[in-house]
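Each of the next two complexes has chain A plus one more chain, namely chain B in the first and chain C in the second.
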Partner chain A sequence: MTDILRSWIGSALPDWLIVLIAYLIVTTIVLFYAVGNFILMVWAERRVIARMQDRLGPNRVGPAGLLQPIADAVKMFTKEDIVPRSADRWVHLLAPVVSLAPVVMMLAVIPWGRGWEPIDLNVALLYVVAVSAVSGIGLMMAGWGSNNKFALLGAMRAVAQLVSYEIPAVTALLTVVVLAGGMSLLNLPYLQAGIPLMGATILCNDPVGCSPLLYTTLTSFPGSPNEPVQVLDLGLGWWVFTPVGLLGFVVFFIAALAEGERTPFDIPEADSEIVAGYMTEYSGMKFATFYIAQYILNFSLAALAATAFLGGWQGPGVAALANMGGPWVHVAAALSAFYLLAKIWILFFVMIWLRGAFPRLRVDQLMDFAWKLLLPLALVNIVSASLMVSITQWTSAQWSGLVNLDGFASWQRQLIAVIVTAIINISATYWILSINQRPKEEEWDEELVVAP
Partner chain B sequence: MTTETETETTETQTTRGKVYVIDRGRPKLRAGQGLLTGLDVVFRHFRDALMRKLEKPSQQTGVFTVQYPEERLKLPEAFRNFPILLYDDETGHELCTSCFQCQRICPPQVIHMTQARDPATGKAVPAVAEFLIEYDACMSCGLCAEVCPFDAIKMDHEFELSTDVHGGLTINKVGLNRPISYYEKIAPTFWAEVKDGAMKKLQGNIKRRPDLIGVAPQMIDTIKAKRAEAATAQEPAPTARDSVPTDKADRLAAIRAKAAAKDAEAQPAPSDDSAPTDKAARLAAIRAANAARKAAAEGAPAPASDAPATHAAPAPDAPPAARSMPDDKAARLAAIRAANAARKAAAEGAPAPASDVPTAHAAPASDAPPAASSMPDDKAARLAAIRAANAAKKAAAQKQDGNDDK
Partner chain C sequence: MNTLITILFLVFAVFILVAAIMTVTVKNIVHAALWLISSFFGVGALYLLMEAEFLGVVQVLIYVGAVSILILFAIMLTRDLEGSQNRQLTPRWWIALIVPAALFGILIVPTVMTHAWQLPPLPAGQPPTISGAQQIGTAFIREYLLPFEVAAILLLVAMIGAIVVAFEEREQRRRVLTLAEQVRLRRQQQQQVATLPEPAVSTVQPSEATGSET
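Here is the complex of A and B:
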């Protein structure tokens, strides 16, 4: 964006102003993108959950009820803003802002398309994890500032849940860090080029005749970091197709559900137990702010999950279009943006699907699930990811002679790595699931039971 | 996943309706399989809700929403909201006789009525003068409809009555009245069960109701128009005839008499009816002649013109009744009326001319006599009488033939 502005305006403005304007434009676009998706998500969630319950959902306002969010927004804007007399005014006012701001900040580092990333941050994953943790403070502020027992209970639950589930989520993301060898979100889609399971390991045998529609020149890929090679690239080398990525994705997605307070983890706002949790004392636009924060958090977590495990904007045709050069690069960017959006919406549909199917967990079940199931699985997955990287990339010198895989082609090494990690992950999952099973109820000998 | 076993539904018909038994199947679930089964069930509902509507209870999936203002469920016949009153489509008579049964049984006491009285005698008539139901306090129990011995009060299916006008929910007789055809439409089998009894009772009550008492207010105009129409159909354009020469009028009367005779013949009467018909016609003619003769002997020409005028007053009411009766009866009635008129004329002491005879006999609601009496023409009158007699004879003969043919 900065470059485009520079070429348009040239030297008419000082360079710092051009950069500032460019970033403002990018910010505006990203915010509109997110809020537009939020509006559609609210509509889609209501329509889809309605169909799952054999209903029709909102269909009166506008075509197919599409203007329903607008009607809701008008209602929210015109509602009275009530602050309880005993509430802490400023904390009460700031809480929605504090919970929304970090969520919006997460949008800055996600690559929305091929070459469409607002900021290239080389510690993007760390940034995302750190920033998303801040919104917990907003929830606690809301619960505490409302001076309401339900709000405080909800806030306690929310913070407990966020803190617990951040650990499996971050551990699952650590898998990605190990696989990518870095924390940049920007590189993740490029690294997930290739074909399912094998990734970008099928090399072009004939350097002259390989079609640019099928083969992409990669400067860095697992196995040979620096030499540019041509590899078979269908844009489907997503990590979710490998055992390591699959387990990491499942763990991260479940943790993301909990962080986004989606059913079955909507304990902080369990309306049948504690009214609306930390949002109990909020009305009008402040409530709407929490609502927006929640949906944009879901949106960005889905985007993060898609980028980290589902290839991000990677998909069939993107690389081919980009290889054709010229104006096709922009078409490739648009197609890649569409791929990412489609993945986000599929994940969002799964969230709605889970909401339609499962009841809410109890607090103790929630904690058990995080600490006894997800965390061990994520830890095992890190071991698998490390093995995967070492088997596919390490030379015998790096192994110190323990293992010598230098003679194998990269696709053979990938296959070996997949088999080894599959064995580890499947057996570990089975074991962890079985030790978590509820013990069988003891048989009571009824004759021995004596009434007190 | 247990997709197939879940859709199995057996449908059994019992005396109290259909019974659906859903076999959900309960296979042993492994760890986590329950979660997947749940997802599968929800997805099946999602998919089917996009594609179809739930039409019968044995289907377990599909949209069951009825988009109310546009789509409506068919209400069961026994559905009840607020009471309405029925009136007969044909005669416009209300079925209600103001027996006060509904007013007495009404638990919230929202039914009020006053009985109609004959304006002439002041006696109570089996009809209702005014009927009020306070819909806003009605509890829709339906006891009034159950207790009504005349099937006059029924429970309506109309339920969209919300309003911001509180007083607008006290409904009077005009507002409560519905034609029987309306009730027949909303509850066909219920009406078929009680129809015969109700209509029989109504016929009995109509006989005890003078004139228009007991006719639904919204039907009064229609009924009046009907009667007027019937009257004009029997004797068209009475005013036009004033300008017509007398003999012409008399001829017309004769023609009409012929037509009446033809009518009698056209009516598919049973074979033994044919004798009374021609007999009645002859009798009427004879009686009319006698009356006219009497009048001629006693009456003066001037008052004679008054006499038919006084007699004409009940005439507009008479035709419908006459029409509905068998023709011989009508002929008899006509003859009697003509005789009466002539007698009256005689009483006035007017020597009514013979020309009165066929006219009075032919048209009971006679406007012709004034014209006739103002210009006596014996010949024409006699001719008309002869013609009428001939026509009657002919009709009788033809009828006989017809019966023989049968």
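Here is the complex of A and C:
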């Protein structure tokens, strides 16, 4: 964007102003993208959950009820904004803003398409984690500022959940950091080129006979970082197809459900227990701000999960189109943006599905789930991820002579790594699941019953 | 560009100072915590201004995301949040004044006096060394390996310890009876009561049993 603007009006304006304008335009585009998706997500959630519960859902406003979110928005805008008399006015006012702003900041680092990333931050993954932790303060402010016991309870629950599920989420993302060798989100889709399970390891033997539709030249290729190689690339080398990525994805997605307060984990706003949690005393646009924050958080968490484990914008045809050069690069970018959006929507559909299928957890079940199941799995997965990297990429010197894999081709090393990590992950998962089983219901022994 | 950075620095510095002063002067403890958080944010922004992205992000993650939430949790468990009769100063306020002043004198003044502020300009073409994630990582693995490993093992042990504690707790917990089991238990107790004092069985017994069962 900056470059385009420079070429158009480069001489008329000072450079810092051009950079500022370019980033303003990019910010506007990303915000409209997210809010447009938010509107569709609200509609889709209501329609899909209605379908699952054998209802109709909103179907009056516009075709298939598509304009319902707009009607809702009009209602929200015109509603009276009520502030309780005993509320802390400023904290009450600032809380929705503090919870929305960090969520929106998460959108800045996600690569929305091939070459379509708002900013390239080399600590992007850490940034996302840090920024999403800030929204807890907004919830706390809302709960305390409302001066309402339901709101305070909801806020306490929300923050406790946010803080405890951050640990498995971050540990699951750590596997991505180990696999990628860095914290930048920009590189992740490029690293997930290739074919399922094997990744980008099937080399082209005959440089002339390899079709550019199937083979891509990769410069940064695990194992041989310097010389460009031609590899079989269908855009499907997603990490979720490897044992390490699969376990990491499952752990991260469950933790993301908890962070986004989706249904099995929606105890902060359990409407049958504590009205609406921290949102109890909010109405009108302030309530809508919380609502937007929640959906955009889910949207960006789904985007993050897709980028980290499902290949991001990577998909069949993107690399082939990009190889054709010229205007086709832009077609490749559009196709890649479509792939990412499709992945986000599939993940969001799974979220709705879970909402239709599962009841709400209790608080102790919630904590047990995070500490006894997700965290051990994520810790085991880090060991597997480092084994994966060391088997596929290390030379025998780096192994300090313990293991010598120099003679193997890269696809053989990948296969060895997949088998080793699969054994570790499957046995660890089986073991952790088995020790988490409830103790076997002992037969009710009539003789042993003692009055308490 | 330099003047822009200076202006931004001044804005952030004033913001941090105002927030810090508000933290210690505001009567309401929750407001004080919120001002403290905004002062943490200001420090993070200063790090970003110095192009230390990693430090800035970690500042937000640790101080804003973790420490301040802990503080807020602790505050909300205390009584008397905004009592107007809360004293701002303890009787021994002068000790509290002397200790930070002495620490400030010992730590900051020598640093300010001896630090080489005017760095020589870098030779052309050589990129400036920025303390990014890579440099910090290299320093951790090379120079400060032992402290880094000790801290890492400590944290990992804490994490695994938390998991182990979570597992142990369940075995000690009393099993919650289901409704059917409770009913059966009560019925059994009544049978025991009915059978124990065999000679003293009276006509009251059956009606009492049905009464308590419903």
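Rule of thumb we're sticking to: the second predicted complex is superposed on the first by the 446 of 452 C-alpha atoms of A that agree within 3 Å, B and C clash if a C-alpha of one lies under 4 Å from a C-alpha of the other, contacts with A are read in each partner's own complex, and residues count from 1 in each chain.
In the analysis below, a contact is a pair of C-beta atoms (placed from the backbone, for glycine too) under 8 Å apart; a residue touches a chain by one contact, two chains touch by 3 or more.
Owing to the predicted nature of the structure, the values given are computational and were not obtained by experimental measurement.
Taken together through their common chain A, the two structures put chain B and chain C side by side without a clash.
By the touch criterion defined above, A:F358 lies against chain B but remains apart from chain C after alignment on the C-alpha atoms of chain A. Measured by the number of chain A residues touched, the leading partner among chain B and chain C is C. In the superposed model, A:M183 makes contact with chain C only, not with chain B. By the touch criterion stated above, A:M140 is placed in contact with chain C alone, chain B being left untouched. Look at A:L433: by the touch rule set out above, it reaches chain B but stays clear of chain C. When the two complexes are overlaid on their common chain A, residue A:Y127 makes contact with chain C while staying clear of chain B. With chain A used as the common frame, the shortest Cα distance separating chain B from chain C works out to 18 Å. In the three-chain superposition model, chain A touches chain B and chain C at no common residue. Every residue of chain A that touches chain C in the complex is listed here, in rising order: 16, 88, 91, 121-123, 126-127, 129-131, 133-134, 136-137, 140-141, 144, 152, 156, 159, 163, 166-167, 183, 367-368, 371-372, 375-376, 379, 435, 444, 446, 449, 451. Those residues of chain C whose C-beta lies close enough to touch chain A in the complex are 1, 4, 30-31, 34, 37, 53-54, 57-58, 60-61, 64-66, 68-69, 72-73, 76, 132-133, 159-160, 162-163, 166-167, 170, 181, 184-185, 188-189, 192.
Note for the complex: chain B touches chain A at residues 31-32, 35, 38-39, 41-43, 45-46, 49-50, 54, 61-65, 67.
Touching chain B in their complex are the following residues of chain A: 48, 50-56, 353-354, 356-358, 433-434, 437.
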